[in-house]
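In the two assemblies presented below, chain A is common to both, partnered first by chain B and then by chain C.
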Partner chain A sequence: MPHILRISLASKTSAQRELKGLELLLGGRALTARIVQDEVPATCNALGRHNRLVFAGGALAGTLVSSVNRLSIGAKSPLTGGSKESNAGGVVAYKLGRLGIRAVIFEDRLSKEDGWMVVRIDAKGVSFLPAADLAGLGVYEKAKRLFERHGKDAGLALIGPAGEQHLICAGVAVTDPEGAPTRYSGRGGLGAVMASKGILAVVVDDSQAPKEEFADRNTFMALQKQVAESVNATPITCEVFRKYGTASMLNVTNNVGALPVRNFSRGVFERAREIGPETLHDTIVARGGEGRVSHACMRGCLVQCSNVYPDANGHTLVTPLEYEAIGLLGSNCGIGDLDDIARLNYYCNDMGVDTIDIGAAIAVAMEAGLAPFGDVGFAQKVITGIAEGDILSRLIGSGVEVTGKVLGVYRTPSIKGQALAAYDPRAIKGTGVTYATSPQGGDHTAGNTPRLQIKQHEKEGQVGHSRNAQQGMAFIDSLGICMMLGGAIKDQNILLSLINARFGSSFTLDEAKKIAMETLAVERKFNAEAGISTVHDRAPEFFYEEVNPDSNSVFDFTVEELASVHG
Partner chain B sequence: MPHILRISLASKTSAQRELKGLELLLGGRALTARIVQDEVPATCNALGRHNRLVFAGGALAGTLVSSVNRLSIGAKSPLTGGSKESNAGGVVAYKLGRLGIRAVIFEDRLSKEDGWMVVRIDAKGVSFLPAADLAGLGVYEKAKRLFERHGKDAGLALIGPAGEQHLICAGVAVTDPEGAPTRYSGRGGLGAVMASKGILAVVVDDSQAPKEEFADRNTFMALQKQVAESVNATPITCEVFRKYGTASMLNVTNNVGALPVRNFSRGVFERAREIGPETLHDTIVARGGEGRVSHACMRGCLVQCSNVYPDANGHTLVTPLEYEAIGLLGSNCGIGDLDDIARLNYYCNDMGVDTIDIGAAIAVAMEAGLAPFGDVGFAQKVITGIAEGDILSRLIGSGVEVTGKVLGVYRTPSIKGQALAAYDPRAIKGTGVTYATSPQGGDHTAGNTPRLQIKQHEKEGQVGHSRNAQQGMAFIDSLGICMMLGGAIKDQNILLSLINARFGSSFTLDEAKKIAMETLAVERKFNAEAGISTVHDRAPEFFYEEVNPDSNSVFDFTVEELASVHG
Partner chain C sequence: MDDKTIGIHVTWKLPWRAGQDGEMRVPKGRRVAEILTLLGEGERTEDILVVRNQHMCDGTEELLPGDRLIILPVISGG
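Presenting the complex of A and B:
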């Protein structure tokens, strides 16, 4: 039966505890949120020894069911000050699942005498390896050296120079099946939390993992096949996501005036076509080489919304190139060339920072007059400058809210300290309500509504749409599955049936949904104890005051309306 | 009868309202806190049009009673996010009082088309004068040009380059009787609020003010004389404050291990003697010239704790040189030379920033390794770099909390966003409790306890000492009098008698104390509405975790103990 692995960094010891009863259903965000609530004093310094860093997969992690191997990373966030979960694809959750590990809790921190270390987890247990020689290296080079040491089949979760400097927008990179270290738990500064514990990388090696005993293998395999058929029979999955990836979103947002352009001053980009999904697809096809329009970031994933974007010679420029990076590093900075955006994305990956907060911060710096919008050289310089500890780079790496504060910019698009993603809250109001009220801070993945067939600019019904989306995402995240799978399965009971076939349990969909609902409540409770209340459930003032000329709308929800989302 | 002058910046109009009944007793912080609570939406952006900037004197302002002409400036703070009042000496409150103006409310903001302006207030009314040519100038040069335009008898409240850049540690400088623009409402970023309204300076000219009609002139003059005699008969005032100024505090703090040294890592400074009160006094005397060991920052003040610190040639280096600057720009940065500190203080004044937050931020930058402790050149460069908008300078000008965040420094001495003053909360625990629980954020002037004859390192009784001090200071601040007067009058009833003799009223001491108590409650209510609650009533984690080796103590108050202060 799966267990929780607790690693005490101060003593360099570990212990494990088997999950029992309903706990077997807990995974992903449900688990990270509860561990943070139970073990982290809400008012602690997020970069001090009292914080915990938690890795958790879902109840199906370690299997080859499509899209069930997301890795949730959780902690108190140094960016938002609240409960944080940010999940990524890649192979780590799969490998932990294969080792029978549902979650890893890193507590306290390595001593200064230990210096930087790598924590290795394999079938034999946990080991702590000196890693001072890796410090200062970019994520790509770090990953390369770690693969040399641990074999190419290892799974890595690692940080870059941004994390090492405790920048509060530093993420944790997770390696994909080909070893690219670019699946990011990017939001909320979890890379800084990992660094504060003294850890440069976590290596997971499942090569000695025992073969799994399923409670009912035949049923499990049959259900797994059903999921695959379901994915392959879903038009939007096959014709949109598998072909255009998340970049397909750009047409949706640009059409309703919701694409962030030049620090959220417009919602339609005059160069949208150049950075849109068709151009992305056609460029990858035309250039060939290593390029791929579809790619699985997790073992077994059939959605394959990831891609590999090549340069003119067919060599990988970056993998993946996704919508949020295109929106934030692209149109929001006035940059309208995919090669430029891909390169900026690559540098963000290498430094180990969140593309969303960094793109938003660069645009704010441009609004402050540090460079004109569209200045790719400036953007590249500030991102790569993180490696040298350049002050402006550190500022940008501290995210849009801090950047706006220091540069005196009133129009700073952040909520609870975290940058908004590539959906203008004035134009896609359901997502706007999610930004304002999610315990995660400004975060589209907490409940995104752009694809609903509704009047996006109108207020009516949006509180309900956001509530549904937030509860739906809490369900998805608590099972450790990918949001892309959500739309591709007709009956969510199949997920529970899979879990039951795996463990011989008899969990119900209602129980899983209850866990998800409680997860939101747990996060909100932690936030309240940390001093983040419904007072903070609101958008930046300029979204209320300034009409977006392309949607002809403002963010116009009252305090009471926003309070009613979770009320 | 005194009135409130309301200036609507968007329309460039003004109106006045007479104070009636108990309102006549409202002044200083009591008035700014209430106006902020009544008129500012607590969740607004402090640098947006919904904030108000309020100037208020006390009920005795405009008279020549000793030490009664403090100017309170209030607003929602861009630094703490809460209700803010920061008061200064100088001549502006006196001149407003002479014009019958108890308070000025600046609402909304000048339009972009207006550009930077100066607001002039005189007996004829309010005028708005273009001032774009003054933008970018230091405070000293701005003041010089404003005196050229408005005559040397004008009173000025003005901002420097820091305010213009909306740096959240920008203060408002107020001119003293000799025209030195160096009495600072330094804390909480009020200079940025003034800038956000489009105002570079407020000029107050009382030359045409009518002669005041006292309700009972003879009684008033007799009481004024009594206050003077009381001040002159108080040993600590005459022998300590008038001779050594606030710098006398350095011996007190250094003796108990409470002087901040190298980013609050120690409490005793090995060069304390070189920057102590005796050295300060003897240097001023020995150098002569413009130097003065005592100086009145307000008309009529007999305490005269201010000074003029000259260079080796007897020319003014800075006026005044006070304890907080010596502690924060000096020992806390590892700088042990008064000339160096005086020069850094001068540059802070010229840029228009708070010496406390800037000194704390520079020390944090030193801890981050940007320069060694004691590097005066570095400190000077980052302060003066504000004029050029240098990024590191802007960061430092954003205060210690933001600086610590961007530079990844765990040991950041701030509470509610604001730097602690020159009293280590582990060593002078009453002040520590005040820092933690004051609605003003980390602020010694909200209730300082270093001179109490108690065991400073022990917890016992400190909650009560802090409570008494906070209530006492709210009383002092609400009357617009100087804290230095507090210890020099034996019977506070005399203050009420003065007010009654001035206005023909019959206010009681109990009424004044009730107003003060309510002022604290009003500030806390605003903060709660702004999202700042008792959760934020705590010290930075390192003060709980790390023993100060010179006091051999930590900050060890529980949440419940801190909650009991105002509870």
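Presenting the complex of A and C:
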């Protein structure tokens, strides 16, 4: 049966506890939120020893069902000050699942005398390895050296120079099946939390994992096949994502005036065609070489919305190149060339920072007059300058809200300290309501609504749409599955049937949904105790006052309307 | 020109309809929600969005001459 692995860093010891009863259904965000709520003093310093860092997979992690191996990382966020969960693909959740580990809790911190360390988890247990020689290296070089030491089949979760410097936009990189360290739990500064514990990387080796005994293997395999057939029969998963990836979202946002352009000053980008999904696809195909229009970031994933973007010689420039990076590092900075955006994305990955917050912060710096919009050289310099600890780079690496305050920029697109993603809240108002009211801060993955055939720029019904989306995403995140699978799952009962066939349980969809609802409540309770209340459920003032000229709308929700989202 | 149809412009962003953009005539008095059936995509309405004149609509609006429609796939993530 799966268990929780608790690693006490101060004593360098570990212990495990088996999950029982309804706990077996807890995974992903449901687990990280509860552990943070139960074990972290809400008013503690997020970079101090009282915080916890939690890794958690879902109840299906470790199997080859499509898209079920997301890794949730949770902690009190140094960026938002509240409960944070940010999830990524890659192989770590799969490997933890194969080892029977549903979650890992890192508590306290390594001593200063220990110096930087790597924590290795395998079938024999937990070990702590000195890693001072890796400090200061970029994420790619760190990963290369770790693979040399631990073998190419290891799974890595690691941080870059941004994390080491405790920059509050530092993320945690997770390696994909080919070993690329580029699947990011990017949001909320969790890389800084990992660094504050003294950990440069977590290595997970499942090579000696025992073969799993399923309660009902035949039923499980039949259901797994059913999910695969559904993915292969659903247009969005089998045709759109595999051809265009998440970049296909740009055609939606740019056509409804919701693509962030030059620090959210417009919603339609004059160079959208150059950075859009068709150009992305055609460029990858034309250049060939290592380029791939579709790619699985997790074992068993059939959606394959990831890609490998090559340079003109066919060598990998970055993997993946996705919508949020194109929107924030591209159009939002006035940059309209995919090669430029891909390079900036690569540098963000190497420094270990969140592309969303960094793209937003660079655009705010451009608005402050530090460089003109479209200045790729400036963007590159401030990102790569993190490696040297350049002060402007450290400012940008601290995210858009800090950057806006230091540079005196009124138009700073952040909520609860975190940058908005690539959806203008005036043009896609349901997502705007989610930004304002989610316990996660400005985060589209907490409840995105552009998938609805509704009047996106009008106010009517959007509170309800956001509420439904937030509850739906809490459900998906609590099962540790990828939101890209959502369109292919017409009956969510199949997910519960898979879990029951794996563990011999009899969980119901209602129980899973209740857990998801409670997860939102748990996060909000923690936030309230940390001093984040409904007073903070607001969009930045300029979104209420400035008309987005391309959607011809403002963000116009009252305090009472926003307060009604979570009742 | 007949008086039973209207001219609209359709841009396809569905991979399986690539290259089929252009002007077309549809029966007068139809609503946006009906357009997918008229265009042969009636079985996939849950997977498709229609943007009308740069705004997402809810489908109840009547199609008017000169309308510019963009037909997009539903994207579940981002």
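One rule holds in what follows: the second predicted complex is superposed on the first by the 567 of 567 C-alpha atoms of A that agree within 3 Å, B and C clash if a C-alpha of one lies under 4 Å from a C-alpha of the other, contacts with A are read in each partner's own complex, and residues count from 1 in each chain.
Keep this in mind: a residue touches a chain if its C-beta (ideal position, glycine included) is under 8 Å from a C-beta of that chain, and two chains touch if they have at least 3 such contacts.
The structure displayed is predicted, hence computed values, not measured ones.
Applying the stated contact rule after C-alpha superposition, one finds that A:Pro540 touches chain B and leaves chain C untouched.
Legend: residue contacts after superposition of the two complexes on their common chain; A:Gly487 is shown touching chain C, with no touch to chain B. When the two complexes are overlaid on their common chain A, residue A:Val402 makes contact with chain B while staying clear of chain C. Chain A uses no single residue to touch chain B in one structure and chain C in the other. Touching chain C in their complex are the following residues of chain A: 234-236, 239-240, 243-244, 246, 248-249, 251-252, 255-257, 305, 323-324, 421-423, 444-445, 448, 450-451, 453-457, 482-487, 550-551.
Residue ranges on chain C touching chain A, taken from their complex, read 13-16, 44, 47, 49-51, 54-59, 70, 72-78.
Those residues of chain B lying in contact with chain A across their complex are 42-45, 47-48, 50, 78, 165-168, 192, 196, 391-392, 394-395, 398, 402, 405-408, 410, 529-533, 535-536, 538, 540-542, 545.
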